[in-house]
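These notes concern the structure reproduced below.
Chains here go by letter, A, B, C and D, matching the order in which they are written, and residues are numbered from 1 within each.
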Amino acid sequence: MATAVLKLHCEDTKGIVYHVAKFIFEHGGNILESQQHQEPLNNRFFMRVHFDLADLNCTRQQLRSDWEPVSQKFNMETDLTFSDDRKRIAIMVSKYDHCLYDLFLRHQYGELNADIALVVSNHPDLESVSFNFKVPYFYIPVTKANKQEAEQKAVELFRQHQVDLIALARYMQILTPTLLEAYPNRIINVHHGFLPAFVGAKPYHQAYEKGVKMIGATSHYATEELDMGPIIEQETIRVTHAHDPKDMVRLGRDIEKKVFAHAVKQHLEDRIIVYKNRTIIFD
Amino acid sequence: MATAVLKLHCEDTKGIVYHVAKFIFEHGGNILESQQHQEPLNNRFFMRVHFDLADLNCTRQQLRSDWEPVSQKFNMETDLTFSDDRKRIAIMVSKYDHCLYDLFLRHQYGELNADIALVVSNHPDLESVSFNFKVPYFYIPVTKANKQEAEQKAVELFRQHQVDLIALARYMQILTPTLLEAYPNRIINVHHGFLPAFVGAKPYHQAYEKGVKMIGATSHYATEELDMGPIIEQETIRVTHAHDPKDMVRLGRDIEKKVFAHAVKQHLEDRIIVYKNRTIIFD
Amino acid sequence: MATAVLKLHCEDTKGIVYHVAKFIFEHGGNILESQQHQEPLNNRFFMRVHFDLADLNCTRQQLRSDWEPVSQKFNMETDLTFSDDRKRIAIMVSKYDHCLYDLFLRHQYGELNADIALVVSNHPDLESVSFNFKVPYFYIPVTKANKQEAEQKAVELFRQHQVDLIALARYMQILTPTLLEAYPNRIINVHHGFLPAFVGAKPYHQAYEKGVKMIGATSHYATEELDMGPIIEQETIRVTHAHDPKDMVRLGRDIEKKVFAHAVKQHLEDRIIVYKNRTIIFD
Amino acid sequence: MATAVLKLHCEDTKGIVYHVAKFIFEHGGNILESQQHQEPLNNRFFMRVHFDLADLNCTRQQLRSDWEPVSQKFNMETDLTFSDDRKRIAIMVSKYDHCLYDLFLRHQYGELNADIALVVSNHPDLESVSFNFKVPYFYIPVTKANKQEAEQKAVELFRQHQVDLIALARYMQILTPTLLEAYPNRIINVHHGFLPAFVGAKPYHQAYEKGVKMIGATSHYATEELDMGPIIEQETIRVTHAHDPKDMVRLGRDIEKKVFAHAVKQHLEDRIIVYKNRTIIFD
């Protein structure tokens, strides 16, 4: 059963919900979920509507073009997607395999409405894992010297494979604009720290030194400023004085997987709107 | 600023959201929040709309009567309330004061959109607490012999004080139909156990005997079957072998307060619909 | 570096800690961790000591025989194990693979001080998973008619493979005394419900019907009474009216893996003492 | 029943546990709890022993002096306290009352083994709360000009009232060395943010701006560097895009109370050792 998701945001004013509901009703859609959010500070209105297409009384193309005048009337930024246009994921990974396995398995359980198109890695180590899940694996070595070239090669692969989302499953390289600008708000990273604390390298060691009593993990859209992109999901876990950085690495794996998979799932279900470096998430 | 909440449920069919949005739009309302839920199993549709009345173009009475045909068209059960009709709470309590203090303080912080009209207790102990928060306190002793009479007296007090909601803040008496039938789905109880496990007396002792590793608390609407009414909120907390029942009582206080206050708040904000002994909660 | 764990329990009296510390000191051991617990109700004392063997001034056999008089003096039940006697795990599984993958991966990350000796299943489905992790897989079909025989065959395999612990990774068969009595307090099960609520089949459906706001998972030692053995670990996760049983199955996987792996790890590190159907866990 | 707590730390070496157990045994003490911790990095050993004094075979003074040679042998830093030397707490507060109420109530429930000696505030607002709980309240106004003098006055009051611990229950003034140096590691603060993120003023506004998905609270010993003292306890709570700073203030109250009360309780039970700006907490 095909469904559609309409995401929009615009200046807040009266009648938006009505006009959206009217538009969907008149085109034979049946609303399954409808969520909205106001930000008085920015006088901004956000909305996501999930509707059934079973009785759609026009073509999808017609639906899109009929939507234009409504969108323009309210000066909206909108995004309309169809559930049977399955999204395609590229996973980038280095040597840690826990987030990779987690995505593969959740995909296998049917938790992710998407195809995993390919895996790209700067190391050859995880090729056999990828092989077991029948996903092509591309080893693109990265050095200081060839970084631009390597990213360019990755972007080409992503284009060939018609990739919609790039999931950085503990990919241990800082990205450059080559890749970032090709997929704005479509690259999801997982950071093994509770951002904005402990940015950058070795966050668990930083956490240990500071003596915190909880550690965290954060998934966010990758942007040019390292670990500072819009946060999608966070999770924390209790630690004590008895946990050294090695223990934190072990405990951290469980929450890294969780926040990462959750962020990827929310993105795939078109639940996220990014506005002014924050995320509005309709879950 | 006055707002309204419309709650409804009916057989699921197409166009409900549209007709509700249209109704509100045409009467000058501005939708602030809109949530819905489908239960395919029961083919039932549930909805809550919160809308602003600032530009309402008719009287509230007119709004109510104009709503009738829409409601009938879809054979809905509906509930329409206005935020400036502040609800009035009666608290029933015995000797434990933690849930009582918690409601008093949250009320003082402006967390509850309601007035605390009175406190009724089967013990005189907590009169001074009530006095400090300037709420009248009625001591109605309860014995096996006078229970009916005592409840009848309470119901009369509640009617005099125009009570909308009865909050059982660890009231250690099993209620009879006299009270239950006077306020269906408007009496909220807190049980110091993770229902449906550990029904009835001494749930923490039961939990200790069983050796569970988490204990819980549950708030629910009171019904005739003890501790079996529709669940509103639950919370758990980790325990170990080292916690005896006395420790559980101590730890339990924190989660009892939390689930109780949360349930009361959700009810006061008209976020709860009860259907077939389950709650649909739009939060 | 080899270490030892001494677990004991006995009637509570003065001087136990001193005599244990003295025994270890005099034999050249260095205490790394020492934990204890009193149960006034049962007048029972429990203790676990983890000590370093680097400077042990006698053979391990001598250590064991020298311990005997101390143990007898206090009428203790004791258990002395050495970290380099790596335990051997048998995993039993049916068709769900999430707990199986989780154990394989944690083993690979070095989280479990044990070897996974074999997998036994009543279905052939997960052989390839086992193969990828280089663990032998035995398919033993189970029917009503051959259940005893099948369990007997499993027990023989476990003996051949010198198995210490049996991990039921969502093994969907009720065990009989044939297996249970062969490995008392050494069979760990994971139940997809918050015991003692929702015993038996389809706990998520039971939870949905009841309308609970949290679901849980429980790991416990298997005993003859179904789902009633000593609880080792529990975890809960929040659900709403919007989660149907299928969603609960999905959400449940994450907590099932977590409680199961935690229980297995605690057992392997000799942290658990079972007493009167409850567990004392020194973590 | 009087008990004692011995806390110690020293360079790690063999035989410490044995010598401590021997010392207690020979003086007629009965060990109730014994915990230890090693930090290989610093080669440091930490220990806390809680023992019963019922059968002590000497005076407490004798116990103290007999302990000296053991302490010196291992070059320990030690702290020996007796449960019937009830500690005395001073609470400092400004205008928010939630942490104040929480301490008063927990004291009333017997959760804190201490007396609340006095409340000191830079505002007169909460005097009636203090009055209701029968605790003397001292209003000491603080301005930029009189800050030193005001703190000096507070220190004098604390000395007169023989105060052991100062609990800053949302006291909205930055302390100076006058107070800090008079009570090193005996002033506990609660910060409404997840340290080390969001130091200083308006942490909830900072959290909102950043778009975090969890907010936190932290209790720590106050030191000269603002919000940078040794962390005792932390807690987080989930937020969404829909929570503005005002909502975070409301949600934050619950976790502020919790981390603050927990920290105070751990301190009062002599469970905390501070070492190199981190806390070792034996709970």
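Note that a contact is a pair of C-beta atoms (placed from the backbone, for glycine too) under 8 Å apart; a residue touches a chain by one contact, two chains touch by 3 or more.
Here the structure is a predicted model, which is why all the values come from computation and not from measurement.
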Quiz prompt | Labels of chains that are neighbours to chain C and to chain D | solution = A, B
Quiz item: So which chain is farthest from chain C, going by the mean of the CA atoms in each chain?
Solution: B
Practice problem: Report which interface contains more C-beta contacts, comparing B-C against A-B. | Solution: B-C
Quiz item: Whole-Å distance, chain B centre to chain C centre, using C-alpha means?
Solution: 42
Exercise. Express in whole angstrom the distance between the two chain centres, defined as the mean CA positions of chain A and chain B.
Key: 37
Quiz item: On chain D, where are the residues touching two or more other chains?
Solution: none
Quiz prompt | Residues on chain B engaged by chain D in the complex (per definition of touch) | solution = 97-98, 101, 105, 109, 111, 128, 132, 250, 253-254, 258
Practice problem: Give every residue of chain A touching chain B within the complex, in rising order. | Solution: 14-15, 17-18, 20-22, 24-25, 30-36, 38, 55
Practice problem: Mind listing the chain B positions that touch chain C in their complex? | Solution: 37, 41, 194-198, 210-214, 216, 230-236, 240-242, 244, 277-281
